[in-house]
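Letters A, B, C and D mark the chains in the order given here, with residues in each chain numbered from 1 onward.
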Amino acid sequence: MRQEQMTVIKQKALATNIFEMTLAGELVSLMGTPGQFVHIRVSGGFEPLLRRPISISSINKDKGEFTIIYRAEGKGTSILSTKTPGDVVDVLGPLGNGFPVNIEGEKVFLIGGGIGVPPLYELSKQLREVGVEPIHILGFQSSDVMFYEEEFNALGETYIATVDGTAGEKGFVTHIIDQLPKEISHYYACGPMPMLKAVSSKLAGIEGFLSFEERMGCGIGACFACVCKTNNQVDGRDYVKVCSDGPVFKAGVVEL
Amino acid sequence: MRQEQMTVIKQKALATNIFEMTLAGELVSLMGTPGQFVHIRVSGGFEPLLRRPISISSINKDKGEFTIIYRAEGKGTSILSTKTPGDVVDVLGPLGNGFPVNIEGEKVFLIGGGIGVPPLYELSKQLREVGVEPIHILGFQSSDVMFYEEEFNALGETYIATVDGTAGEKGFVTHIIDQLPKEISHYYACGPMPMLKAVSSKLAGIEGFLSFEERMGCGIGACFACVCKTNNQVDGRDYVKVCSDGPVFKAGVVEL
Amino acid sequence: MNRLNIELPGLSLKNPIMPASGCFGFGKEFAKLYDLSVLGSIMIKATTVETRLGNPTPRVAETSSGMLNAIGLQNPGLEKVISEELTWLEQYNVPIIANVAGTLTEDYVEVAEKISKSPNVKALELNISCPNVKLGGITFGTDPVVAKELTAAVKAVSAVPVYVKLSPNVTDIVSIAKAVEEGGADGISMINTLVGMRLDTKTGRPVIANGTGGLSGPAIKPVAIRMVYEVSKHVSIPIIGMGGITEVDDVIDFLSAGASAVAIGTANFVDPFICPTIIEQLPAKLDELGIDHISELVGRSHR
Amino acid sequence: MNRLNIELPGLSLKNPIMPASGCFGFGKEFAKLYDLSVLGSIMIKATTVETRLGNPTPRVAETSSGMLNAIGLQNPGLEKVISEELTWLEQYNVPIIANVAGTLTEDYVEVAEKISKSPNVKALELNISCPNVKLGGITFGTDPVVAKELTAAVKAVSAVPVYVKLSPNVTDIVSIAKAVEEGGADGISMINTLVGMRLDTKTGRPVIANGTGGLSGPAIKPVAIRMVYEVSKHVSIPIIGMGGITEVDDVIDFLSAGASAVAIGTANFVDPFICPTIIEQLPAKLDELGIDHISELVGRSHR
């Protein structure tokens, strides 16, 4: 973990209000597992005051660059979307524990919903490197806000679901899961809570890894803002912190 | 008075932390007497929250442009100094009542201190147009923060005083006043309160016009933030508002 | 269909937006910028029996997302407010809420009795919460018993409904609200400013000549929302909410928290057109929220 | 010459800068970023007798120049705090101020008695001002009599000096401050958070699961400065000031207002290096102000 004024290398609109931003700096050398995140301060003042947690979506260690994909929605992310190459952004990271890649298995599901999709991209790349075949199941509200279909396609089978049916299957990722053979050793999921719930109950019995979101203060484990109850004790505790213990947990650990 | 998103035409550093900015827009057509001011919102958010009052230093009605000269000191003016041509700035103005130009007289003193100097420039131009000869007496802290010496020279006799003696006379504007013949019909002064006090007592007996500064809220006369006590009642009141009754008052009106 | 009108004791509001007392003078300055008749109402500057000169300057200071003021209830006095300001305001089709202040109960009573007879004054706002005067003002607003008595005394003489303006500088705002309700208040307006202070870092001295000042602006909105929320749960009289409103979403929040109308103070200094701008934006906002009439929003957070 | 050291009851501070309780956990996370020994002190997270799980999430929300939190005193409980957290902190050369919380007087007394025996705990901070728990917390901090009694009870058992942390959500903070001074407090820390609320504009529902939360950050600095200023005029015990500090100038302001040291809360989330950064900047700031030793600033605004 370190704090760094990183340089914007690229900023690109991928879809309606969805941006891809590439940042360069030494902090990249500390990045490891996919699913970790960075905590970004989008302005030097107090507007907004707090940092914004955003997942790392791909890492290029050779170039010392990494990429995030985010939705410009509220105050902070809207300001972020106005940055242009050469601007500097205050980044704290890499934070948290990501998805395990060294698994015993041949095929896995990577299930993402909306802005939960980005961390699956680096995950997919790293899984392929260790010889695991990723099957991507990605859900979006509509084709307007869909992104990275081709990028995922290039890495493996990719199924899309949209709520309004404007791309892929009409419906939720669970509709696609229903139709696919469950010949997988593991699954990985990142997306809104209802999706995580539905997915983990559909795939009960298969080892899964879920990435959670919570409102954060510090992002490093000091403030107890991002706590989730666990089903059983973890290290003698009845809770975990999404920022420092997670954001990725084995399915079943966190109370859904 | 109107509120307008005006376009920055020019921004130039004149001296250490002293900037000259030219703005264009329809609001210029409303500008009249020298000594009026504008109330500027330097950012779209709440950092800073309040507008900043800045004097109009010259007006170019033909081009639809006007110029301000300001010291980048605190939060607001520092942000203002980062604007570049093409940026827009939220301007409310023109505000207040300026210096009277239609006077009976041949020679006048224009006495300015620091960032009180700017409005005297437009004043000097307008006085010359009506055939009055301006004699400029300008005080600065030091040569580092001095500006417009040549511009004033081009309009008439110009005397400079600096506190540290790095330009002109060492000392205050009053030292220069002491040395000059008082063959003037009127004097005009803008600068810090102690200067206004000293000048008006030195030139007691001569009709003078003083421009005041006060912390402001609204800038238009509605909030009573910028009130000064008067020596005698004005319109049945014991006070005046710097923003809407002033900022220029006849010497003797406001309690010094 | 008018989707914005709100009926409150004494007040038939075209819309729930009005400038807050002290931030709009008596309207003359803003009338140069827009037609005051578009406003739901106008809360005029505090009026006292005698002319008041207020506090020494500087009277304002900026803070993070806020400002401090210590104007000190400067106003031309009851007579002039009635004969000059209110008469002038009659040209506009807008109900006036007169902000009543004083040092002793008698002062409040005198101002209330006389000013409530002005034809365009449709309600009084009893200012028991001004933090910037040594006597009166906030002292009436921090003790439930005193607040109740004053309310009753003013109600007894007022020709129009009385709204009591509460101070946020109290341990238990609900008890004050209940007390003024018992005292006969027809409504509540809240919140006045929080007492604050800014020092000049160089000299260590207070920036405001009065020492302390009242904190207003976006910084205090969370406190205001909390208090409106709590008070609206415990009283049955309507609330005019205020504190940090700068945009249309803030209006929605105050209504959701339980206010029936809102007042906008500091934001008038930042954007002099803020009141008419928000009024214009409201219908589209209602569409966005899928709501027919603005009154449906009132107290939504409790449901 | 050390220009920054401050001597307070129980505390020999290298400098007057310390992280505020609840914003720094027990130091472990920040220890990954810098050497905790540079700090004047550390105010650790509130400790209660039993393990506490705190409130449901969301627990934080952003506001203009501020944030709301309703953590709800989550902590691992007295035993673990002593055996794990405080023991771990012993590796650093930094005095610890233990924030003591509870529901009943007995709880406070038990935590105080035991935790004050830890070798690196040099003072207690009695948290009678937490707005985010239903019982205890703030209820002790709003009544002078209750506050005084609790202070006395804790003083009777504590092995180290006791600082009482005051709530700003009161009508008269001076009376509470005087009461705890009479109760035997060795110092005061102030302010805790202001109670506030944020609504989701779309749904009208509170953003924070608990409904209300505590407002902290730059937005509250004017309130904090005012209260430190007023309290320091009326008590003779030292004050640790806090509320909205984000830069070195803010530290100067709190000292000028009458604080002898300061704590930094929310700003640690914005800039995790804020404490060491400010400590580094202080000597140059003293030069700029023409001051030899930082203690000369204390109470400057009153002189």
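Worth pointing out:
Everything below uses one rule, namely that a contact is a pair of C-beta atoms (placed from the backbone, for glycine too) under 8 Å apart; a residue touches a chain by one contact, two chains touch by 3 or more.
Molecules present, by chain and UniProt name: A, B = Dihydroorotate dehydrogenase B (NAD(+)), electron transfer subunit; C, D = Dihydroorotate dehydrogenase.
Note that the structure is a prediction, hence the values are computed from the model and not measured.
Contact with chain B and chain D (Dihydroorotate dehydrogenase) alike is made by A, C. Of all the chains, the one whose CA centre sits at the greatest distance from that of chain A is B. Centroids of chain A and chain B (each the mean of its C-alpha atoms) stand 56 Å apart.
Averaging C-alpha coordinates per chain places the centre of chain A 47 Å away from that of chain C (Dihydroorotate dehydrogenase). Distance between chain C (Dihydroorotate dehydrogenase) and chain D (Dihydroorotate dehydrogenase), defined via averaged C-alpha coordinates, is recorded as 34 Å. Residue positions of chain A touching 2 or more other chains: 46-47.
Listed for chain D (Dihydroorotate dehydrogenase) are residues 63-66, 217-218, each touching two or more other chains.
Those residues of chain A that touch chain D (Dihydroorotate dehydrogenase) in the shared complex are 1-3, 41, 46-51, 75, 92, 214-229, 237-239, 244.
Residues 45-47 of chain B are the ones touching chain A in the complex. By the touch rule above, chain C (Dihydroorotate dehydrogenase) contacts chain B in their complex via residues 22-25, 28-30, 32-33, 45, 51, 53-54, 57-67, 69, 71, 74, 76, 217-218, 246, 266, 268-273. Within the complex formed with chain D (Dihydroorotate dehydrogenase), the residues of chain C (Dihydroorotate dehydrogenase) that make contact are 63-66, 68, 142, 169-172, 194-199, 201-202, 204-206, 211-213, 215, 217-223, 225-226, 229, 244, 249, 252-253, 256-257, 289, 297, 300-301, 303.
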